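Okay, handing you the structure first.
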Amino acid sequence: MRIIVINPNTSESMTDHLRRELASISGSGVELVCVNPDHGPVSIESAFDEALAIPPTLDLVRGAERDGFDAVVLACFSDPGLEAARELVSIPVVGIGESALHLAAQLGRRFTVLTTIPQRVPCMTEHIARRGLLNRLASVRPLEMSVLELDADSSRTKIRVLAEARAAASEDGADVIVLGCAGLTGSAAEVERELGMTVVDPSPVGVLTAETLVRLGLRHSKRGLYARPPAKLIK
Amino acid sequence: MRIIVINPNTSESMTDHLRRELASISGSGVELVCVNPDHGPVSIESAFDEALAIPPTLDLVRGAERDGFDAVVLACFSDPGLEAARELVSIPVVGIGESALHLAAQLGRRFTVLTTIPQRVPCMTEHIARRGLLNRLASVRPLEMSVLELDADSSRTKIRVLAEARAAASEDGADVIVLGCAGLTGSAAEVERELGMTVVDPSPVGVLTAETLVRLGLRHSKRGLYARPPAKLIK
Amino acid sequence: MRIIVINPNTSESMTDHLRRELASISGSGVELVCVNPDHGPVSIESAFDEALAIPPTLDLVRGAERDGFDAVVLACFSDPGLEAARELVSIPVVGIGESALHLAAQLGRRFTVLTTIPQRVPCMTEHIARRGLLNRLASVRPLEMSVLELDADSSRTKIRVLAEARAAASEDGADVIVLGCAGLTGSAAEVERELGMTVVDPSPVGVLTAETLVRLGLRHSKRGLYARPPAKLIK
Amino acid sequence: MRIIVINPNTSESMTDHLRRELASISGSGVELVCVNPDHGPVSIESAFDEALAIPPTLDLVRGAERDGFDAVVLACFSDPGLEAARELVSIPVVGIGESALHLAAQLGRRFTVLTTIPQRVPCMTEHIARRGLLNRLASVRPLEMSVLELDADSSRTKIRVLAEARAAASEDGADVIVLGCAGLTGSAAEVERELGMTVVDPSPVGVLTAETLVRLGLRHSKRGLYARPPAKLIK
Amino acid sequence: MRIIVINPNTSESMTDHLRRELASISGSGVELVCVNPDHGPVSIESAFDEALAIPPTLDLVRGAERDGFDAVVLACFSDPGLEAARELVSIPVVGIGESALHLAAQLGRRFTVLTTIPQRVPCMTEHIARRGLLNRLASVRPLEMSVLELDADSSRTKIRVLAEARAAASEDGADVIVLGCAGLTGSAAEVERELGMTVVDPSPVGVLTAETLVRLGLRHSKRGLYARPPAKLIK
Amino acid sequence: MRIIVINPNTSESMTDHLRRELASISGSGVELVCVNPDHGPVSIESAFDEALAIPPTLDLVRGAERDGFDAVVLACFSDPGLEAARELVSIPVVGIGESALHLAAQLGRRFTVLTTIPQRVPCMTEHIARRGLLNRLASVRPLEMSVLELDADSSRTKIRVLAEARAAASEDGADVIVLGCAGLTGSAAEVERELGMTVVDPSPVGVLTAETLVRLGLRHSKRGLYARPPAKLIK
């Protein structure tokens, strides 16, 4: 089974980070390839960043199906281009945000999503609302660090993650933490150990969800929401 | 006052259509300019089409602010790129879908949105849900015509619009019709005359909403959801 | 075009205030008339006040249609009698509360409504819920001043508005302020200047919404919710 | 214990009907008085009718407290003036609509409300939505008879009630019927006998709810929504 | 009329407490019997406790119908086994939680439910959500006392109830208190006297609701949700 | 890794069926054990059946943790006892209903759940509502066959599944089918082949979700909803 993980931003360092963290996760017989587009923003922190990142990401998705991959994992928590990607191809496309939120909903009473900068709070909240999971949301808390800062300074990241998780538990009633950025992968061991909270790390969840879909022969339905786009002139 | 209407697809014919229909609408002292990007899809009928149309549309939005326009109207009912556009500029950006839906909610009990092809029904429904207006929705009904067919064959379009409006009233309990495609502008006089339903035509509503915002000195808040995107490297 | 603004309470001073503030707003070719009933409560701060204010207000609405006005604006934020008014006449009837809430939802992430006395908070919240806009509500905050105090002491009013807007931004996450009383018209320039929040002033929004409806030939549908009441004996 | 039942319309015949039907319901030691205002509409079938009926009804409510009644029952299914009545007095005020809907929610999976004319469907639906009970609503079905026709022609009423109840069960999945008009009191024995559905008759439910409140010493809280209206000039 | 009150836990002391408190409540001509199962947990504070308490409680419910009781009241606020009980019998089965929540919704703007230990907060919240009444919920507050502590130490219980009610009013905007445990019956006179809040005591409400249903000949519908379970082998 | 699949009913034949269908699904290095309790109902088709099945199922869950299993899968679509099971143990407990619903929500626009007898429709609908997924539900359709009939007559089952899936697509707008009974495992190949719909078979999804949780070291949080029950006397 061959699974491709697409980091939709152009930060090679973040792709390397994902590659390292995911290496030990995938099952036997699974080949995992991690890539990123070569143009677009180096991190995704606004609707504008998403808009620029999506077209080159969709090119990679289409290429992945052509190259015989069995599934695609979009490794950005806001799932940019997820719907368009599912329209374009027939192999399963997993959004790490969507799959992590649905799993988190099964593991406790209320989850807190940790995001990067304060401006991302509204967008994350809508992400969750669209999936019907607001009744499981304790809070969205910003770490007040940019995506690139998260990636560059792992010790400060761990301190901030632990602090916000502690506040989520005591102030917001959360019992589950969702790491709301692919750049946070691997940074939360202390949260479980020190706080006894369950921590959902979206990138590994995305990869194992993709593996589950391939093993069960499941993929998104092409009958409705994800029908192939009508052919047309694109100038 | 100068208002720019941006048709986010690359169909000049549809931009001409909008220009003609909107000419008589705008107030005295309002200069109205209608444009479209020169690359991207000729019509928008999928999430994939939206993904490709958004970046060139955002270029036009940014140019409009630079050129001193007082407001922008995005003239596609699915409001592609609306959030990113508001992040990018400080002048008001009106989505014809959003403004038409909020006005329709004030004009009756339940509205039916007429869309183009059946695949657009889920996306339109989510559009309405995100705005909190599902309690005012009677139905989304596809005309079973593509955007370009609507634009090319106005007599068949009128027949289909009337037929679906009639069904919306009798089967779905609608008392208001929303024309869910910029290409439908001007095609619904019969619906009001023959059925006594109120018909909301989004492009004119968008233009007058923009005019209202400019006259009142109102624009979207830059404190939260629409804050300017963080500066960063874009490869 | 002739638009009538009906202040449903019997305070002439508040009607004068509205007349002054709205004079500069309306478009060229628009004649604006501001009136109030001659019996009923001098201000509206309870369901009981609304109950007494509605019948004389409806008389004015009916008179306005008979006198050839093109549209009616009900200038009280709680929109007393809006539904009954739309049943009675065929010209558009705009509620300043309803139209301001729908516009505010288009201008930011979450709005805070400033109301008068604490007892009005539940009623305002329900007002917003009925329109489906709770997902856009940050908070309803009372100024702890009665309607007549607002009208009489504009400097204290401005101080209170600024203080509550500041708290709404910092404590409730609001980026938009809605002035939830017609008596607040014109009192919020500092909020925009000092806090960078968008402020929606309902009375001007109501007038321009009425103007938009008349210019587009739109009015509420008489097929459903707003059908003319059955004729009957009224003792 | 003394309970007053106020029919808010001016139809003496409907008040007589209520008096007869309720006579056998009330507990030992309960004195039941049925009245109606002497001015206002003879039936309530629109927001306009409600607007005219409320002020004289509120006079009766205030008088009831002054005269030492222990509780008030407002005997119109749309509960006109309920909120204002609770503001005015400290004795319990029961709306037959509200109390019947909350009881119906405890008796089955989904209820259907039978109303009078088709125009009342939206208003009834909102009535239910405001109470949070839409998840228990199967449908609102009009009998296509006016209030006065219901009151005048009891045999045709029974036929129509049975027909719509049958359709509610087979087409809408209802297992409970709520008689959505005080004029329907006593007309539904066949529905239970022939269809095995549970039928909730709001006027008796309202009376026994009032009796329950008095026996338990319960009344609406005056701390929030139902605080006494501020004193003020009423011209 | 004969009504049986079933305390689903095995604490005789709590059953005695209920018997004493309810003795004065029931109407003339009503025989009230209070019982509890002889095996199962001594108090109900988890889903596990509920699971063990339900089968012996259902035996008592079935026995009650066989013994000619006219109605059953399940006297535990979380209504364990309510749905199964209604499937099993045709006499009305009242859950004190369900009936108290629906009555509380009619008595104010927002209620606070007082529960026992913090772990019960999520379950109580879901209880309320399932009934559609979240829009009436101010908060669920734990007394931080176990069920048996409540029953054993009535003076400490009264102090805690008053303290949490006070906090509910000032911090959560509650105007109504619901005593969320049958063991709290009779412990809240001070809350009304000192705070002017309305206090809903579920056990008496459950008994009078049962009496109302019997007097009106009402019971849950057997056509849908509460149909008799299919006969089958039970090993 | 050792995973135990607990069929909560006492039908050995259904346990055998599950064992056969799941044998090929689990990953290398996974030992899968399928069991059922030896007392309780032979199938689960009512709240009453659930009530009787839960206590012996919980015994098996507790035993599984003691015997060193890494995860538990509850193999009944209505997830009886799921919450109590998670309270009792610290190893992950997966409900096949819950995990299948959350996966189905990621694979299309709207899913239809196929259930057994019509009486189960309300309970299934509530199951979905509690998880926030009503916005993804097209319909719940009964096969009009009991659980044991499904298990005994696989050819008739396949015909019924195909017929209802076809109706779900054409009448209800479904693009995904969820097999709402463990007894349906393996019966839906034709639905995908003939209708092009995505079919979610809950038992395999439950097993692979358990495997995912174990591989990622994830389990439900014990801080909130699933805290261990307070120790107490159980008579």
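Details
Letters are used for the chains, namely A, B, C, D, E and F, taken in the order the chains are written, and counting of residues starts over at 1 for each.
The working rule: contacts are C-beta pairs under 8 Å (C-beta built on N, C-alpha and C of every residue); 3 or more make two chains touch, one makes a residue touch a chain.
The structure displayed is predicted, hence computed values, not measured ones.
Comparing mean CA positions across the assembly, the chain most remote from subunit F is C. By the residue-number overlap criterion, the interface of subunit B with subunit C counts as same, with over half of its numbers used by both chains. Separating the centre of subunit A from that of subunit F, both taken as means of CA atoms, is a distance of 27 Å. Subunit A and subunit D have Cα centroids lying 52 Å from one another. Between subunit C and subunit D, the centres computed from C-alpha atoms are 31 Å apart.
Residue positions of subunit C with contacts to 2 or more other chains are 109, 122, 129, 135, 173, 224-225. Against subunit C, the residues of subunit D that register as touching in their complex are 10, 38-43, 45-52, 54-55, 58, 81, 83-84, 87-88, 117, 119, 122-123, 126, 129-130, 146, 148, 224-225, 227, 229-230, 232-235. Interface residues of subunit E, counted against subunit D in their complex, comprise 25, 27-29, 94-95, 98-99, 102-103, 105-110, 131-136, 169, 173, 175-176, 195-198, 200-201, 204-205, 208-209, 212, 215-216, 218-226.
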